[in-house]
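Every chain is named by a letter (A, B, C and D) in the order it is written, and numbering of its residues begins at 1.
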Amino acid sequence: MLPWLVLLAPLVAAGVILLVTRGSRALSAWISVGAVAVSFVASVALFLGPDLRSSVDWLRFDVLEGISLAVPFGVTVDSLSKTMLLVVTGVGLLVHVYSLGYMHGDRGEARYFACLSLFMFSMLGIVLADNFVMMFIFWELVGASSYLLIGHWFERPSAAEASKKAFLMNRIGDFGFMFGILLIWGMFGTVVFADLPGGIERLIGGVDAMRLTDPVQAATLSKRLTSFLTLAVLGIFCGAVGKSAQMPLHTWLPDAMEGPTPVSALIHAATMVAAGVYMLVRVSFLLPFAPSAMTVIAWVGIITAFVAALMAVQQDDIKRVLAYSTLSQLGYMVSAVGLAASGAAMFHLFTHAFFKALLFLAAGSIIHGMHHEQDIWQMGGLKNKQVITFFTFLVGALALAGLPYLTSGFYSKDAILYAAAGKSIPIFVLGLITAFLTAFYMTRLFLAVFFGKPRSEKAKTAHESPLVMWLPLVILAVPSVIFGFPFITSAFQLDAGHHEAGAIPVPMLAALAFLLGVGNGLWIYARREHDPIRISLLARKFYFDEIYAGLVRVTQDLAARIAGFLDRYLIDGLLVRGASALTFGAGFVLRFFQVGSAQSYAMVFALGAVLLLWVALR
Amino acid sequence: MSAITLNDYLLVSGILFAVGLFGVLVRRNIIVIYMCLEIMLNAANLALVAFSRFHVAPDGMPDYHGQALVFFIITVAAAEVAVGLAIIVALYRTRQTTQIDEINKLQY
Amino acid sequence: MALYLLILLPLLGAVLALLGVAPRKVSLLASLATLGLGLVLLLGYNPRLADPLSAPSAAQFQYVADLPVVPSIGLGLKVGVDGLGLMMVVLAGLVSLCAVQVAPAEREEDGAYFACLLFITAGCVGAFVSLDLFFFYAFHELALIPTFLLIGIWGHGERVAAAWKITIYLALGSFILLIGLLWLYLSFPAEVRTFDLLKLYQFAERGALEGAPQKEIFLVLLAGFGVLISLFPFHTWAPQGYAAAPTPAAMLHAGVLKKFGLFGLLRVAYPLLPEGAREATGILVVLLIGNLLWVGLAAIAQRSLDSLLGYSSVMHMGYAFLGLASLSPIGQSGTALLLFAHGLSVAALFAIMGEVRDRTGTTRLDELGGLAQRMPFLSVCFGFAMFASIGLPGFANFVSELLVFFGAFGVDGVHVGKRMAGDGLWIIFSPLQVGVIAGLWGVVISAVYMLRAYRRIFWGVLPDALREQTDPPLAARWPYALLIVGLMAIGFWPRLLLDVIKPGLGVQPTPAAQAGR
Amino acid sequence: MSPALFWFFSLMMIAFAILVVVKRNPVASALSLVVSFIGLAALFVSLDAYFIGTIQILVYAGAVMVLFLFIIMLLDLKAEEKRVVTAAPLIGGIVVGFTFLTLLIRVLAGNANGKLPMPALPGPVDDVKRVGELLFSQYNLPLQIIGTLLLVATVGVVVLSKRELK
C-alpha cells in the first residue's frame, strides 16, 4: 500500500485544490504541502523497508499467437527508485515549504500549488513505474505540469512562449521515446522492465542455437538484432534528450526560467530534468547490446556539458547561469550512462539534485530580496544584506564547482571523470575543461552578486527573505556538503564508482581544474562593475534559438503554408469545386441544346431509337 | 399471288408506322402531327392483331390477349386525343397559332 | 424492446419540441432519458456471454428484437447491441445532452431547432442499434437531413454555401455507400441473401463471400464511409461545414454522427470482408498518412479557431483509420475507444469555441488573447479538452492512440523477427509501421497547433476590446465539466469501456474483470 | 380474304396515310385519315378481328375524326402557308424512316415463323364473347382503371376548355 500512498497523495491534493479549495489560497497551499509531506514520510518508510512490486491490470490484450499486450499499472520499489524517491520527495517538500513564502500573495497561488502537486504525482510516477508505458504516461504528465508551471504567469508573452516551447521540445523527444518503446515491444513482446532481460536472453539464445546449424544466417541475425536494439535505444534516448534538455533539444530549459523560481529549482534543476538520466539508468541493462548507441549517448552528453558551460560563461541573468549549469551537469550524467557508468550517473544526479536545488532556492531568495531583479550586474554587495543566503549560496556554488574532498559535487563528478578516463580520453579531456569552466563561471556569478558595491537602487534596498524561505536553504546546505562522503554513499547503496582510470591521477586533475577556474575567475572578475569580456557568440548561446526559428520557418511553417494552400486551392478548389464547376459548366453548355422545339427533340429521340435498334441488330 | 403471311402484315404495319413517324418529324401543324401520332398507334395495333391471329391458342382459336390490349390502346388513344385537342385549343387561345415551331417557350 | 424505446425517446422529444412544448426542457429530458437508458443497458450488458472467436451472434448482441418489414428479401427492423453499440449510444446521449444545453439562449423558444438536434440523436441511436443493413443506412440518413437544416438555417458566416457543400458532399458519400452496401448484399448467394447482419456474419464465416470481389466491394464501402468520416482527400467539407454550423450541430455531427462511418466500417466492412480489408490496407495507409500529416500541417496554417478545430477533427480520424487498418484486435479496440474519446473531446472543443464566438464575436486568433484572465473557467476547460485532444495521458484519447499504435506496430511486430532474416544494415519498416511513425509525428503536430491556439486565445496580453468578457454563469457550466469528466474517467481507467467492447472485436475481456462483473 | 384484297386495302391505307402527311390543308389530312382507318379496319376484319375492326370504325372514323374536324373548324385553320421547306427535318425524317424500314425488312427476312400461312380456325369466330370474357375477368382491374382514366380525361378536358385559365 505504501508506494500507492506515495504516488497518489499529491494527486488527491491536486484534485481537491482544483475542485474544492481553489478559492482559498492558504488552505490550498497547506493541502499541497501536507500531501508532499505524507509522500516524504512514506518514502522514508519505503527506503527502510524491503524491495517490492505491486501492479494491477490496466490494459491487457492476449489474443493472437505471438502478440499480446499487457500494460500493468504497476510500481516497483528497488534500490534505484528508493534513492530517487527520497530525492524527489525530500527536495519537493523543501520547495513546497519555500513556495509558501515565495508565492505568498500571488493571484494564482491555488493554481500554482495544484500544478505543483500534479507535478509531484507525475514525477513520483516516473520513479515508481515498472514498465515503459507507465513511464511514458508520467513522462508526458510531467511535461504537461511543467508546461502549466512555466506558464504560471500566463499574461506575460515571454512566459507563454517559453511554456509552449518546453512542451513542444519535449514532445519531439517523446516521439522518439514512443517509437523506441514500440520497437522494444515489437522485439520482446513486453514492456515490463523486469521481463525484458529474459526477453533479450531468449532472442540471443535463439541466435546462438542457430549458430550451430546455420552460422551464416546466425551472423546476419545477430547483426540485425544489434541494429534493431541500437535503433530502439536511440529512440528511447531521444526521450531523455528532450526531458533532460540535451543538445540539440536543450533550448527550452533556459527559457523555462520564466516560471517561478521554486519551480525552476524543483522541476528544472533537481527532479524532472534528471528524469531522463533516471530513465536511462533504469534501462541501462539494454545498453551493452547496443554499443554504438552508447557511444552516441556519451558524446551527446559530454558535448552538451561542454557547450552549455561555455554558454553559461556569458549569461547575465542569474537564473539563466544556473540553468546552463544544470544543462552542463546533466550532460555529465548522460555521458556517464553512455560510458557504462550508470552508478556514477545516479550518484551525480543524487548530489546535484540537492546542491542545484539549493542554488536555485538561494537565487530565488536573492531575486525576492532584490524585488524581482535578475540581472547580476544590477546586484552587488549582497553579502552583508542577505547573510544566510550568502553562506548557503556559497556552499551550493562550491559543491557545483567541485571543491576538492569537502563537497559532494567533487565526489560525484570525480566518479564520472574516472569512468571517462577509463573509456575515452577525448571525453575525459572535455569533462575536465567543463569542470574548469564550471568553477570559472560560478566564481564570476558569485563575485558579481555578493561582492563589490551595490550597483542599483534595488541592490541598495535588498533584504533577507522570511523564515520559510531561508530554512529550506539551510536544510539543503547540509546534504550538499556531506552527501558525497563515502559513508553516505554506502548508506544509500550508491555506486560511487571505482572504475579503472589507468595511470591518470583523476582527483588531482579535477582539483587542478577547480583551482584554475576559481583563480581565473577571481583574477578577471574581482572588483568589476561590468563584465570585462564580451563574446557575443557565447552570450547569444551559439545562435541556437535563431537557427531553430529559421529552421521552423523554412520547414514546418512553410510546409504548413503549402499544405494549407494546396488543401484550399488544390483539393478543395480544383478537385471539389472543380467537380461542382464541371457540373455547372456542363449544364451551361448543354442548355444550348434545349432549343425548345418539340420536333427537334422528337427527331433526336427517333434517331437515337433507330440507332439503338441498329446497334442491337447489327 | 401467294398466301398472305405474318411478315406481310408486319411489313405493312411497319410502313404505316414509318409514314406516321415521318409526318411527326416534318409537319409543323400540331393538329396534323396529332393525326400522324394516331397513324403510328394504329400501326402498332395492326401488328398486335396480326400477332394475335397468327399465334393460335391451344384450342386453335386466335390469342385474344392481343386483341384485349388493342382495345385498351384504342381507349387510351381516344382519351389522349380528347385531352390533346383540348390542350391545343387552350394553346391556340394564348398563342394564336398551331405551328409547332412557334411554340418554343421551353427554350433556355 | 428496450432498444426500440431508446430510438423512440429522442423522437418523442423531437415531436414535443416541434409542437412547442418548452423545447429546451423537453430536449434535455429526452437526451437525459436516452443517456440514462443507455447507461442502464450498458450495466446490464454481459460481455462474458460473447465468444470472441466465433461469428457474432445473439450472444454477443444482446437485447435483440426483430420487427420484420419485407420478409421476402430479409428486411426488418432488427435491433441489438454489443458493447461497441452501447458505447456509441451512451456517447450519443451524452453529447446530445450537452449540445442541447449549450444551444444559445435566443433559440429558447425555437422548437424546430431543438427538434433537429433530437432528430440527429435519434438517427444516430437508431443507426448504432440497428442490426439490419437497410435501417442501419436509413437511420444515418435520418440524422443527416437535420444537420443540413441546422447549418443552412441557423448557421454562421457563409452558412448557405457551407450547407450546400456539406449536403452534396455527404449525399454523394451516402450514395456511394449505398452502392457498396447493395453490392455487398447482392454478393451473397441468392439463397442466403438477407439484410440481417447477424445472419450475414454467420454466412460470411461459412465462406459465403469467398468468390466475391471482396477488395472492390471493400474499397467502395471505404470510399462511402470515408467521405462521411472525412478520410483524406474527401475531407474538405469538414472545416468549412463545422465553421459554419451552429455549435450544437457541430458538436453532434463531429462528436457522434461522423463516427457512424467508423462504426460502420467496424460493424459491416471489416467483419464481412476481412480478405478485402487485408488487400486494401496499402491504399488505406497512404490515405491515412494524408490525414495525419497533410491535414495536420494544414491545421497549423489556419488563422481562426473554428477552421483549426475542423482540421484537427479531420486529422484525428487518421488515428482511427490506422487502428482499423492494423486489422488487429488491439488496434481496432483502440479505434473503438477513439470513437468515444474523440467524440467527447471534439464536442467539448466545439462547445468552448462556440461559447468564445458567442461572447467575443470572433474566432480569429489574432483578434483574441489573454482570455484566461477574464474567463478562467472556459480556459481551464479548453486546456483540459486541448490536452485530451493532443493525446495527453490521463485522457481517453491517449489510451486510444496508444492502443492504435501498439496494434498497428504489433501486426508487423512479429515481422521484426522475420525481417531480421533479411540482409543489409538498414531496417525497413512495413507500410503500417510507417503509418505509426507518421502517427507519432502527428502527435507532435497536433501539439503545435493546439498549443499555439491556446497561447493565442487564452494566454498573453488581453486586448482592450475584450476587457469586459466574462465566464458563462455557474448554472451553464456543467456540460463542459461533464464532457471532461467522461474523458478523464476513461483515461484513468480505460477498462470501464474496454472490457465491454473487447468481445465485439475478437478479444476476451480481461480475466480479472470477470470477477468484478 | 384473298391476297388481292389484302394488298388492295394495304395500299389504300398506306396511300391515304401518305396523303395525311403531304396535304397542306388540315381538313384534307383529316379526311384522308378517315379513309386510311377504314382500310385498316378492313385489314382487321381480314384477320378475323371483327370486334376490333368495328370499334376501329366507331371510335376512330366516327368519334375521333369528328373531334379533329370539329377542332379544325373551331379554330378556323387555313391551309399551311407556303414556307421554305427546311431541309434538316426532311432529311432527318427520310433517314429515320428508311433506316427503320431497312431494319424491319432485315428482321422480317430472318423470321422463319413469319413465313407460314395463316393457320385455319377450328370453328366459327366468337371474338366479341372471348374478348369480353378476358376484359371482365383477367383484365378487370385495368378495365376499371381505363374507365377512371376516361372520366379523368373528360373532367380534364372540361377544365382545360374553361376560358379563365390561371
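FYI, a residue touches a chain if its C-beta (ideal position, glycine included) is under 8 Å from a C-beta of that chain, and two chains touch if they have at least 3 such contacts.
These figures come from a predicted structure and were not determined experimentally.
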item: Chain at maximum distance from subunit B, centres defined as averaged CA atoms; value: A
item: Most centrally placed chain - per-chain CA mean versus overall CA mean; value: C
item: Whole-Å gap between the CA centroids of subunit B and subunit C; value: 60
item: Centre-of-Cα separation between subunit B and subunit A, whole angstrom; value: 92
item: Inter-centroid spacing, subunit D versus subunit A (mean Cα positions, whole Å); value: 97
item: Interchain centroid distance [CA atoms averaged], subunit C/subunit D, Å; value: 65
item: Two or more partner chains touched - positions in subunit A; value: 599, 603, 606
item: Per-residue multi-chain contacts in subunit B, two or more chains; value: 21, 25, 28
item: Touching pairs among all chains present in the structure; value: A-B, A-C, A-D, B-D
item: Residues on subunit D engaged by subunit A in the complex (per definition of touch); value: 89, 92-93, 95-96, 99-100, 103, 106-107
item: Residues of subunit B touching subunit A in the complex; value: 21, 24-25, 28, 33, 100-101, 103-108
item: Residue ranges of subunit A touching subunit D (in the complex, touch as defined); value: 599, 603, 606-607, 610, 613-614, 617
item: Complex contacts: residues of subunit A adjacent to subunit C; value: 56-64, 66-67, 69, 133, 136-138, 140-141, 144, 151, 154-157, 160-161, 164, 167-168, 171-172, 174-175, 178-179, 182-183, 185-187, 189, 217, 220-221, 223-225, 227-228, 231, 556-557, 559-565, 567, 571-572, 575-576, 580
item: Residues of subunit B touching subunit D in the complex; value: 1-12, 14-23, 25-29, 31-32, 34-36, 38-39, 42, 45-46, 49-50, 52-54, 56, 59-62, 64-65, 67-68, 70-72, 74-83, 85-90, 92-94, 98
